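Shared between the two complexes below is subunit A, which pairs with subunit B and subunit C, respectively.
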Partner chain A sequence: MKFSVILDALPYLLEAAVTTIWVSLLGVLLGQVIGVVVCVARQSGGRAADMAGGVYVSFFRGVPLLIQLLLIYYMLPLIGIDVPPLVASIAALGLASGAYVSEIYRGALNAVPHGQSEAALALGFPGRSIWTRILLPQAFRISVPALVNELILLLKASSLISVVGVAELTRTSQTISASNYRPLEIYLAAGVIYLAINGALALFGTLVERRLQQA
Partner chain B sequence: MLDLSLLVQYGPSLLRGFGITILCWGAGCLIGMVLGFVLMLLRQLPVKPLRWVIRVYIEVIRGTPFLIQLFLLYSGGPSIGLRLEATTAGILGLGIYGSAYFAEIFRAGYQAVPKGQVEAALSLGMSYGSILKRVIVPAMLVSTIPAIVNMMAILTKETVVLSIITVPELMYEMQTMAAETFATFETILGMALFYWLLVEVVSRLGRRLEARVTRYLTHASPQGSSSETATARA
Partner chain C sequence: MTAVSQTAAPTRSPTADDVVPMVSIRGVGKSFGTNEVLRDIDLTVNKSEVVCLIGPSGSGKSTLLRCINFLEVYDRGEIRIEGTLVGYTEDTPRRRLSNRDLRSLRRNVGMVFQQFNLWPHMTALENVAEALVQVRGMDKASAAAHAGRMLDRVGLAAKADAYPARLSGGQQQRVAIARVIAMEPHLMLFDEPTSALDPELVGEVLQVMRDLAADGMTMVVVTHEMGFAANVADKVAFLDRGRIAAFGTPREVFHESAEPRVQQFLQTYHERNSF
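Moving on to the complex of A and B:
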């Protein structure tokens, strides 16, 4: 073990960790949007939408993320969309996350009493504002712990995008350890950085949860 | 679309790859469960430092990406004299990764065993070993089966990551085939469909096992364990 190796590599690792963080954040944001849309479509879009949503959820939860990533990475150019690996990676993370998020919201919606949407309907709320003013805000609040958990899972999963050459934490660790022949130290450092980010996220999640409980 | 003659040409290597996938998965699950069970038992001992070490182990494994753990084991291992073949490293890595999750699953199951049953067994003069074997483990297995099945399905998906450290499993063989035939997209699409099916089969079998085990439970002791099963799933 040589700690000076870690110190030398640290600036590069931290820079890569920033990429990891924002790729995961963008992935989660995209996942949120997709998840909410899929969830609402499945609940109120009729049988065809429900079935399509069901296939989407089943596919993206059943197929390993690495394969989804390669599929999107190779499929986009085939249909004429030429995007950098970074964009393909964020799309893959978002699509995968969306499948899980839509299920999280589905569970949370079940926890909102049915009488509330009936009451809103009786009061003459249009369908869309029942969703935006009554169901989704409560579902969001209920699902905060699960969503933070989802963010942590996605951050760990983002290590897989190193395969398509995105210079995030895992890829950068690979590059550095290939040049200085010190894989043990470098991967340990990378592991500690991942752990620290996840610890911070978990703490943030607890704070948000406590805040929401007070409100 | 995919030229069918390719399947004939690459069939044997794909089949071998699938065999290694199943081997890694089975052995990884087994190591993970045994190690997880031992960790859970050790955590019950009234030794503070030991509990603390196990807790750190579990948090570290659950807080870092599986790929980083694999790299540490496979590329970092030789630095401390641990030279493993890719497949061995993959199985071990899968086992270590799974053990942290299985330890938590088993702990929840252990805590869900009613204290009264253990006390009753103690008052009947049973030794701790036989209480474990005849009272705790059977009740625990039943309440944790959904979570165990879920974890096994997750590990099925994680086996593809082993291809990155060159374990010659299905994903690796498929990528070789894709690189040699330039039928990249078709190959990956085929693989996606195959794994989708595989994970579905694992979950279905798991659900069947779950139904069977729970039915047995309602015969043996009718004290409504269905709620426990539900919490274990969450």
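Moving on to the complex of A and C:
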């Protein structure tokens, strides 16, 4: 073990970690939007929407993320859409995450008592307000622990996008260790950085939970 | 008064407003599969009347109440609120009302639930103000001001910023009542409003309901509080197995009814509440 190589590589690793973080965050945001839309559509959009949502969820939950990523990256150019690796990566992360998030929200919505929406219905609320003001805020509260879990899983899954050449933490570690022949030190450093990021995310989740519980 | 109204509106006949009942239920029936939960119900509630629905569990009281604002769909007969058919179009064969039409009908009908159903992520004040913003389109500031006055009316001005979890059951139910009266409904439905409360908290909720009745609010109340029914109700309907088995003033139902099921029900009630 030679720790000086870690120090030498650290600036590059940290720069790559920043890429990991923002690609993951964009993936999570996309996943949240898709997840909520799919969940609401399946619950209130009729049978066709429910079935389409079901197909979406079973595909993106059932096919390995690496395969999804490669499919998006190699298939879209075939139909004339040229996607940069970064865009393909964020899309793949978001689509996969959306499938899980929609199921997290479905479970959380089932945990909101029926009387909650009934009270709003009896007061004459429009359907949209019942979703945005009553159901989703409560579903969100219930699902914070599961969403933090999903956030951490997704951040780790982002290491897969190294295969399409995005210079995130894993890819950069590969590149560095291929040139200095010190894979153990470099991957160890990368692992510690992942751990630190996820530790911060878990802490953030606890704070959000505590904050919401005060309400 | 008489002279003024005659000169001011000489052509106004004493029909429309005075004669059309607040709620008119005619031949209403409902089934869950083969189970008939409501059979051939007739009931009229006039303006400013308090009508209590009593009877054993499973007799259909709550189902009937929930049909009045169409939270529960009735299959047969008709329910009218101030002359407007509830839940269906006037065509034959009738079709279900659109959500939009259902909403405008529900605006005039408030409902208070057994489990309060306050929204736990909003303060007492926000619970009351929310419908004013979402349904009546008031701006946030005037909705909050109006909501504050309503909380004051149920004696909870001091709890405006408390979340439901920090309130007692009785306080929660009073907030739920404030949430409804803020919308200035023409009619209020109460679905066992005190059944989920500890005995010592029942009184404060019944007092608010008494005040509302004294102010002339039209109320239909499903209740197990026979004292409230006897003292506050103008009419009492006793339901048994989906039918109205007895109907009349509290005196007629409680003391003069020859209906054996009423007698049996009241006897069980007295046995349970004496010690």
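Going forward, the second predicted complex is superposed on the first by the 215 of 215 C-alpha atoms of A that agree within 3 Å, B and C clash if a C-alpha of one lies under 4 Å from a C-alpha of the other, contacts with A are read in each partner's own complex, and residues count from 1 in each chain.
As a convention for this text, a residue touches a chain if its C-beta (ideal position, glycine included) is under 8 Å from a C-beta of that chain, and two chains touch if they have at least 3 such contacts.
Everything numeric in this text was worked out from a predicted model, so none of it was measured.
In the model built by aligning both structures on subunit A, subunit B fits alongside subunit C without clashing.
Shared-chain residue A:P11: touches no atom of subunit B or subunit C. Once chain A of one complex is fitted onto chain A of the other, the partner contacts of A:G46 are absent, as it touches neither subunit B nor subunit C. With both structures placed on the common chain, the touch criterion links A:R141 to subunit C but leaves subunit B unconnected.
For subunit A, the partner with contacts to more residues, out of subunit B and subunit C, is B. Once chain A of one complex is fitted onto chain A of the other, the partner contacts of A:S129 are limited to subunit C, with no touch recorded for subunit B. In the superposed model, A:A119 lies in contact with subunit C only, and not with subunit B. In the superposition on chain A, A:Q174 makes contact with subunit B only, not with subunit C.
By the touch criterion defined above, A:G80 reaches neither subunit B nor subunit C. Between subunit B and subunit C in the chain A overlay, the least Cα distance found is 24 Å.
Within subunit A, no residue touches subunit B in one complex and subunit C in the other. Taken together, the subunit B residues at the contact with subunit A in this complex read 59-60, 63-69, 71-72, 75-77, 79-80, 157-161, 163-164, 171, 184-185, 188-189, 191-192, 195-196, 199-200. Subunit A meets subunit B in the complex at residues 1, 58-59, 62-68, 70-71, 74-75, 78, 152, 156-160, 162-163, 170, 173-174, 177, 182-185, 187-188, 190-191, 194-195, 198-199. Across the interface of their complex, subunit A is touched by residues 69, 71, 99, 103-104, 106-107, 109-111, 113, 115, 117-121, 130-131, 134-135, 163, 176, 179-180, 183 of subunit C. By the touch criterion stated above, subunit A contacts subunit C in their complex at residues 113, 115-116, 118-127, 129, 133-134, 137-138, 141, 215.
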